[in-house]
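Below are two complexes that have chain A in common, paired first with chain B and then with chain C.
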Partner chain A sequence: MTDTVAEPARGAAPKGVAIRLGIPMLSAPAMILVALGLLLPLALMLRNSLNIYDPAELMISAFTLENYVKFFTDSFYQGVLWRTIWISALSTAICLIFGAPVAYFLARYVGDFAKRMLLIFILVPLLIGNAVRTSAWMLILNDHGVLAAILGFFGYEGELGLMYSAPGVVIGLVSVLLPFMIITLNSVFEAIDRNLEDAGLSLGANHVTIMRRIVLPLALPGILSGSVLCFILSMNAYATPVLIGGPTFHMMAPTVYQQIAKVMNWPFGAALSFILMAVTLCLTIWVSALVQRKYRKWSE
Partner chain B sequence: MSGASANNTRWAYTLFSSLVIGFILLPLVFIVWMSFFSNKILSFPPQGYTLDWYTRAWELSDFRNGFFLSFRTSMIATLVALVLGLPASFALVRGRFAGRDLVNTLLMSPIVVPAIVGGSAIFVFFLEIEFLTGIQVAGSSLGLIMAHSLIALPWMIRLVTTSMISVNPSIEEAASSLGAGPLTIFFRITLPVIKPGVIAGSLFAFVNSFIDLEKSIFLVGPNSTTLQIALINYLEWNFDSTIGAVATVQISLITLLLLITDRYVKLSRAF
Partner chain C sequence: MSEVVLQEVAKHYGPAVVVQNMSLRIADGELISLLGPSGCGKTTTLRMIGGFVDATSGKITVGGRDVTGLPPNRRNMGFVFQNYALFPHMTIAQNVAFGLEMRKVNRADAEKKVQEALARVRLAQYADRLPKQLSGGQQQRVALARALVIEPDVLLLDEPLSNLDASLRQEMKIEIRQLQQSLGLTTIFVTHDQDEAMSTSDRMVLMYNGKVEQIGSPDELYNQPRSAFAARFLGVPNLLPGRIVQGSFEMEGGTALRLAGQKQLVGNCFLALRPEVIGISAEAVEGENNLSGTVEIMTYHGAAVEYQLRTDAGLTLTARAVAPGLGGPEVLPKGAKAWLHWPASAGVIVSEH
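This part shows the complex of A and B:
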């Protein structure tokens, strides 16, 4: 009898130690997959970006910054980077302008069930995949497409010219980024105490004043993170610029693909990848710092 | 007076939001509609309606085989993500160890690293392995499955950990003090509670793997293209209602999966 009581107590100590040591190890298999499939290939790519491209041998081992210098001295590639940046900034701004009211609407004016349904409707276009979503936009935007037919019905006969153009690409990007913006901002607005707005209202402020003086300052960190998310995704966009922008509309991600998989210039493609990630990171840090300084002034 | 203006504000928001949500959804409505047009050359308005494009999409081996390859690859990737992700989630939620945040960040990194960059890196990595050992990985189903498991894994972990946080650890401790081993505790106590998270995580991982374009584009072989690659290859030379038929099938499948996912875990929490 005493034995059966004592036994779990005796066994408990070593088992406890085993569990404590064992628990972190449970993440090892997943870490191995990430290490083999992502971290190691990325490290290798960073190394490759210092090599020299050779059409016959693909790559000659070296230790040079030539590929990075090539990027920053070739006006073509700088143009690609600038185009990527302004297209992304513009798309993000449009998403903010159109997404914020929808997010606020969902947070304040819609019941639980309707909100859940609307959020699914907003998320479906995001999760049906870039290929299908972009082909749907091609159907709308091309010169014999839906938009042209609608405008033709109203007597407009000119060329639409939205395919293979910057406005077309921005429209395509906005449609895939809007769901991200709406979902991020929705949770931000929901976290703001509704009583604050009611207090403002009872003190005689109109809706615009309440938004500007109460909601906007409180939501600013969330607005920032939503915008950063959209900007990053847009900087890395591949399908939209390729399919709607066409072969002559160059943005960064398609250029990376071109260099790595078609030209097989791995060192330069690798350098392009790291320039893309570094520029995106620097810009988001810079904008975040700007907004936070402004935010601090505001709250003082 | 103030009631009337509040009402106006409400109407303004409703109208504006309907237009924006319409903008997001309308392309899909049109592409589904277009899949039933009988016009030989795509144009508006439709001359009549037919189901022929669905038969044609099925007869094109690229689409048919692409669908099955995508389905199979995503199934296996989801299984891999499940087998690796469940223990990892357990470690992240229950473990108290140095570097846990780092492990979490690294396990989420496949979402953070741009898809094209991740795809480039793994493509070059596979080719370098081939040069060194002669084993072909890029263009093989092994390489494709590995890349897709990597896409599925972070979504699985994200949804499983969120639901695991809600499990009260004292229940597990109680079971442990009553002599249950870690495996018994996991299968008899933790798993039943986190089941919604596991189901939602699996479905979400499957969807994200199924729709992947940017990583697969580097890894598909000449005779084994996934559905998404088959779609953009077709789009390069054609634009007819066959695209609409394939898109409609994919939209239906994914909408269904998302509706099921949402029953278990609020979909907006996945982001």
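This part shows the complex of A and C:
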């Protein structure tokens, strides 16, 4: 048998090898871009966060954890972090509560054409820049704004107090994040076979049970990724806390900006951004693990 | 008793009529199939019986109980979906147990029933697997077990075999029929495959354009199709257009063919001839209807030889002869001149519509 098999030409690599090596190589430019564009600045920031700030020389090269120690001993900055976390968690929860029914309704009860139109309608706010949109919210929320006028028409005379407050910021964030949640969840619900719900019905389950036992467990991974997306976006939100929260309502991203661009304290700004990143990452992983465990219990 | 009765049931979507005033009586323990091409309204009818689609008008009763307005979860019907619709996040046992859980059956009884149901479809050893770990045929049997374990009044099957390959389909067909008969379960089986319908059903309902075209036993539908559509759908390739003149069939072009015992129709109609009733020979046969033609295609099937011939009048006819080795006539090659012949009593007169 062996003599009938043609030997590969000397020097020429067999075709299979070329394919095996060639296709992964296609991802090389992207990998390099990711490395240069993402990892390099990150590494530089990490290095900066270990330096020392000096009002005269701005940054002195060093290897110290001083900046991190400063964060964990200064209750002001911890307060900023806590505020950022609970504002983000609350905004995400509200997006989930309002977004899930809309996404489910779109996925199940709306025809193809109407659905496309509605999704575009939901996406329209994203076509306007964040800062511009938030400015519009300022016009709506302020004490002499649109909302106050509407409430005034119905006889409400008191101050709204939404500007420069947590509720105002949450409203602003929800308006930014809701489209992301709806679009993510819509595709999650679309991917769940409608026959599964009908099968549940035919076996005697009511709609609540079907939601709890069939739709929710199957949608859970998607709900999780939608929530993680919204949470990360709001942990890092800048325009909304600055414009609606104002100068006295501090959240992490504006504080990082303030340290780096205003105070010129690059080391501390870098440390703050690393803390923000680490906390976001840890919370995301923790919640994911929690949900996964719960998911297993649900499906029993 | 779970006799299913449909009275003038209709489904309209705006101006589109999907099912037109359909009346049907399905006896207790009967397996009836709804057969027809896609878009004929068979699945909509099944979903109306199951409660997933609201009937626009009409009434559906099961064992005398009016279920027309009831939601699916209060109809006590087992439904088997074309794509099985097993809950992917539950094990096989959990899938089968789901309906019992909804009925608040206590745990010990439920476990026993699940085991019995899985044993009935020979899947007891797969109880702890997930659906995706099973083959298509096994998943379909789980779907069947899940629908049967709740002891439904009626079993509804929506194209249950169409996702299976040919040999599995054959096996499942027999399995479904056996299960249905041993349980004496009133069953409605939707399919577009006449062979499937024929080999499983007590009666078949042939549907077309939202209307019942013909109802009858497989034997009746096979041997006495009422219309050209029914004949074509049930696999009769030969439909000779013409009309009845003084007791004989006059083909377009004037050739008269003898009839014997066939029903008579006024106006244009067709003479439907199954390939196996047509004989093929080199000479005309005395005492039978004869048409001469040329062999266009000859295909060999082992036990039979199938010919496609073009008659001198320009009609294309299919004839099936017993293979020479089994006592049939000599094989005729492509291009050969031949005579097609059949006894006057063979063939069925069918209406145009």
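Definition applied: the second predicted complex is superposed on the first by the 258 of 300 C-alpha atoms of A that agree within 3 Å, B and C clash if a C-alpha of one lies under 4 Å from a C-alpha of the other, contacts with A are read in each partner's own complex, and residues count from 1 in each chain.
Everything below uses one rule, namely that contacts are C-beta pairs under 8 Å (C-beta built on N, C-alpha and C of every residue); 3 or more make two chains touch, one makes a residue touch a chain.
Predicted model, so just to flag it, every value in this text is computed and none were measured.
Of the two partner chains, chain B is the only one that A:A30 touches; chain C does not reach it. Of the two partner chains placed by the overlay, only chain B lies in contact with A:V124; chain C stays clear of it.
By the touch criterion defined above, A:D193 reaches chain C but does not reach chain B. Once the two structures are superposed, chain B and chain C can be ranked by residues of chain A touched, with B on top.
In the superposed pair of complexes, A:A56 makes contact with neither chain B nor chain C. Residue contacts after overlaying the shared chain place A:L203 against chain C, while chain B stays out of touching range.
Touched by chain B in one complex and by chain C in the other are residues 201, 206 of chain A. Listed in rising order, the residues of chain C touching chain A in the complex are 50-52, 71-79, 81, 83, 85-90, 94, 98-99, 102-103, 146-147, 150.
Residues 8, 11-12, 15, 19, 22-27, 29-31, 33-42, 44-45, 48, 98-99, 101-102, 104-106, 108-109, 116, 118-125, 127-133, 135-140, 142, 144-146, 149, 175, 178-180, 183-184, 186-187, 201, 206-207, 235-236, 238-239, 242-243, 253-254, 256-257, 260-261, 266, 269-270, 273, 276-277 of chain A are the ones touching chain B in the complex.
Across the complex, chain A is touched by residues 2, 5-6, 9-10, 13-14, 16-17, 20-21, 23-28, 30-31, 34, 42-45, 80, 83-85, 87-88, 90-92, 94-95, 97, 100, 103, 106-107, 109-110, 113-125, 128, 146-147, 149-150, 153, 157, 176-179, 181-182, 207-208, 210-214, 217-218, 228, 231-232, 235, 239, 243-244, 246-247, 250-251, 254-255, 258-259, 262, 266-268, 271 of chain B. Taken together, the chain A residues at the contact with chain C in this complex read 193, 195-196, 198-206, 209, 213-214, 217-218, 299-300.
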